[in-house]
């Protein structure tokens, strides 16, 4: 396999609402393809083919076809669980109908727990942490904060938001008996421009904490409206660090906005060097750390399988343990969910200790707690169909 | 049982506060040719609009062949056998002359909302359309789009579309407006031809036409019918003289023809 | 009074055209064999049905709808649910007939929703369709039982008994299924234009008021046309469901409706075959153009703007105009002009394109190096040379193009005058 | 109570922003018969111009200059494209603006990037216009500007104090919208230009033969309409967010406003904007669904129905689509719109 | 005052006027006669700059061909089109108001003059013009143009659709215009009126002027009448 070129099709949005996030991530993939082509143990060369799916499942299937025409056997995607779901189905069907031409799906960011539970697939590997894991870690952190008495669940009305609500309720009931859920809202995805009515409602409910899986403008505008509307509660979020939100947050929300994720802007060591280089090169922030994990895992698995054939690589990936810059991680054999540490961070002024400032806001996400893999790990109901 | 083809009983119409038609009574026997004359703004076109269902009357009755039609829609009235032309040409600009006429023919031949038969297979409709083309002398322009016709040709087509459905009662609103004398006389000939045996109501200002065409004349003044009689009697009617014809013009126009 | 009209049962030209159409459908996947091109061909077939059905409203009925995707989309949903019922053994119909299910669904929804929409015409009609479309789209995200939320509903078309060995597993089989449907639907929709209702629909478009005075209820005419359009839209939707095996909310979205409108118009709403061209372009634009260049939306918008301004009859009208010229044997007089026009346009567009691509590159990909590949040339987005070069190419192109355009306009004008004279002459001779 | 007042004000201010947008659209539609699909795009351009100009010349000058520039762009667009397609009829006109909306979106992204830009309102508008203080003992009171922290907290744990600040940006937005309403009304009723354009709508040649320069008037109207959108853009962009998606999100709502209000009726647009703003704001606050309704009525529901997403749907979740529902109902029952006079 | 020389006009590709020559003098009523479709309305439109044309049109010694319609109107030409073209959504008085030119000084004609001319219009003052009867609309157009205070007025078939009594009235008023020093180019179908009130008659046939002379001369010229006016 040495010297072979491994083509990875990146199927994510480059136009429309999610285009900023998409182009950031494509850059990440390209950036690290170059890096890992030099250093991976299998000695392969990675090549990323970016295809715009316009955030549409149907277009993604076109993209898949286009990728296959170019001899691609590995695809990656992450923006939008709906697209991921469609791709999992399509890959399953394709692999079933075209033995010998199998394709692997490396999911970098789609977090619907179903993909590693009821809809789990042998051909799908997730490198992000799913919603259940993130909530697990989040509530573990929150339960130590005695100021939290009344929680409001505020989410986008689509599957990701629904999952956040579901798991948040479950976890709060389990771990934080004294805490009351005083309200719950599902608002339409990326349509609301004025969140003040919602803020008025949240205030009226008396909530001191808001849990939200919102991302993009839905998060930025929410916090902005909260600042203007005189709401002083805390926000527990998923995606504070993602393109666009830091700018919109600006100085507001310092100390009140938390993020749970499998990485952050001040990881230290090699990660910081890369971030700096990335920033210097693209004038953009690197936050999709799963990209690094994907290349690491692929390199290791290909070395182990001594092949780039997806079937063999899949077998090697399943259950693969590998070392990363922040400890060892494992792709759980049962459901192909990467087990990795999670980090709770808070939005605050960048300082000497935590200097990295996304989007040059002068602010940063400072880590407040790290959760080792076992804390956030959640059980799986996956009954995986394995080939052969 | 009424024997009238068309009968108006105390018909009234208000636009906002103004009463435009103020109690019109009129009875037209089958086969009669009636010219409706009157000063500008007297309500002639409005009368036609009421009869043909374009407007609903404020009060009163309209009977077509004995049946009340004052609350019916234009297409229902048309299906009952009344058809009209417009003072301002009102045809289908982007269809050919042939298609204009064929559309007007279809309903009466029973091809209602048909979508399982080809037009080209409708022998009866196509033959009738060709006859019409001949009648209004537009067969040379058969495939020309109506919008590309000259004014006079458009007027002819307007009449063609009106008579195409074979209605028994025909209303023509100033059919010869904007035509030269020669064309007018040709046109009157045409109207006479195509309305043989039919009841005809026509609005006209050209007294030549009126006296040449009509069996009876209805004079509408200020929303009322002030006279309804034979041409001779109307011409002699002093009230009409004063209200409409104006002595000198009446003479020269009538005499001129 | 001899009838001038002659009934021609065998119209040779027509036979040739339809046979050619069938042949193209048949042979296309043999020429374009890659995975992507076969899917694209399949999608073109679907788009052709959808755009033609849209044109029943726009071109034939003068109804500007902003919500046609509602009917294609709901057709898709019904078809995919039916497909799942078939796989689940709850329903026993061959997969080949599922598009009809979509069609019936599309028709059903058209009967239901069309009843309100077609009561109005003109701008109110357009606005109601916009409102209905927004409503249906919003609902699609709210009623996840039926619409499957934003993940959509997926199915597996390899279901039920294989029909003569057709499993519809391989894409090519699906393509031929779509091709057959396309041929039949196009034929049926063409036939519709030749029926009394089809013609009255044209009359309603031109002058609804007068239609009332020749015995037809315009609302009824619009309603029936709407239902028929809904049926064919539904078939397109059903085929889409089989082709993608997944149906998501975007199929009822405003973007889709807008695309139908845009491309039907681009193709040419005034001619029957216009939307077919539009449909083909639509797939090429969405699938290929977006691959080739990041600026595809900009190009699309600009092309559309210029088309509306300079060729409001769409591509079809351009073709027809040239056919007319050809018919009078004058194409030879103008081909040199065309050539000049084409060449200078290419030069101009190459320059403009290079600059647009460089700007996009600077915006989106600057980090990947400064070089852009464009039409075989390598440009450096940060070097003045490239910019001056492109600007120079563009301006030269523009200048030459203007000259060529003037020449062309003259030639074209002359030819039209000649043709006009010729027609007059023939008319007089006749 | 303070919830009601704040919500009402939120609703009104949102409604007034809608009005700022729809007034331009109405102006253009009523005078030229053109449904400007790109109207929201001009709103977006306004926001971006405002953003850039603020960087150069400060917010207040930008507030004046940006709308003028947008208006000039609009006039230029009218001059170069709309005028060309005018003879072809209204559908091509609409389609040209439709195409323009694509182009503008791309151009904006090219120039300013694909993410939101930071366009804060000026210092003076950044604080609160006034603050409502609900004191569980002293009752409701109002303080101009931001309330000092000590007024919003009580030493005694038993006393509950809630401060609800009302942002100054929103107050400013309301003010500008009302001024705009006034001046538009004056323009339309006190000038002859309105008449000229209405007449030119149907008989442009005749108006020209009477000695009026019709093309220039059309250009001015289009420029004025888009300029208004630009003004709304500067204010809306700094109050909410300036991003490439901002056109799409208000785009269809303003059409709803214009249609519900009655095409071409300025007062109708005003009424409809306010109505939609207020209704939408209050709907958000109501967590009422068929399920709760059924419970209140004492109906027993099966478990399956309880899980049905339709039954579970709350009013607050459907709030964003209420305008469209409103639109369809209005068009069915009152096709002229609330205050409209014509149907077509 | 108005001098038309070798005027050619086209609708798209169809050549309608083939070299028209005539003059209209100060305070003169000139009748332009001819059959339907002979090109009289087109001549009017060409003068007003509403159709593409070639040739010379001089107005008070100044060439005006190629000027926009509103520029021509500002130079003092008034035009009453044959299809009336009232503004249907505006009221009668608003229609009249639009007849006044922007920035014009005091016109020779006031609203009251117009209402005195046609009392019927006064009655319908605040009605939407679109619902007026054909004849009322005709009166309105005439008045509207007069409000612009033209020095020469081109009237295309003013009596079309008017009751005989009103026709007579219009004839009188045209005479009245002439007395006030306004020139009139009258396009007519009805020979009688045209002959009665005009100082000079032009006969148009197939896009050019085939006769130019006094009404009396025309009366005597049976050939012209037969060939170009009657059929």
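Lettered A, B, C, D and E in written order, each chain numbered from 1.
Definition applied: a residue touches a chain if its C-beta (ideal position, glycine included) is under 8 Å from a C-beta of that chain, and two chains touch if they have at least 3 such contacts.
All values derive from a computational prediction rather than experimental measurement.
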{"item": "Farthest-lying chain, centroid of Cα atoms versus that of chain E", "value": "A"}
{"item": "Reference chain B; chain at largest CA-centroid distance", "value": "A"}
{"item": "Between the pairs B-C and A-D, the one where more C-beta pairs touch", "value": "B-C"}
{"item": "Centroid spacing, where centroids are CA-atom means, of chain A and chain D in whole angstrom", "value": "35"}
{"item": "Chain centre separation in whole Å, for chain C relative to chain A (CA means)", "value": "38"}
{"item": "Centre distance in Å when chain A and chain B are each reduced to the mean of their C-alpha atoms", "value": "76"}
{"item": "Intercentroid distance (Cα basis), chain E paired with chain C, Å", "value": "49"}
{"item": "Residues of chain A engaged with two or more neighbouring chains", "value": "23, 157, 188"}
{"item": "Multi-partner residues of chain C (each touching 2 or more other chains)", "value": "138, 142, 297"}
{"item": "Chain E to chain D touching residues, read off their complex", "value": "48, 50, 68-70, 72-74, 79, 81, 85-90, 94-95, 97-99, 101-102, 144-145, 148"}
{"item": "Complex interface listing, chain E residues touching chain B", "value": "35-37, 82, 120, 131-136, 138-139, 157, 160-168, 189, 192, 230-231"}
{"item": "Touch list for chain C against partner chain B, complex", "value": "1, 3-5, 7-8, 191-192, 194-200, 202-203, 205-207, 209-217, 220-221, 224, 228, 427, 430"}
{"item": "Residues on chain B engaged by chain E in the complex (per definition of touch)", "value": "15, 38-45, 87, 150-152, 174, 177-183, 205, 207, 244-246, 248-250, 252-253, 256"}
{"item": "Contact footprint of chain E on chain D as seen in their complex", "value": "192, 195-196, 198-199, 201-203, 205-214"}
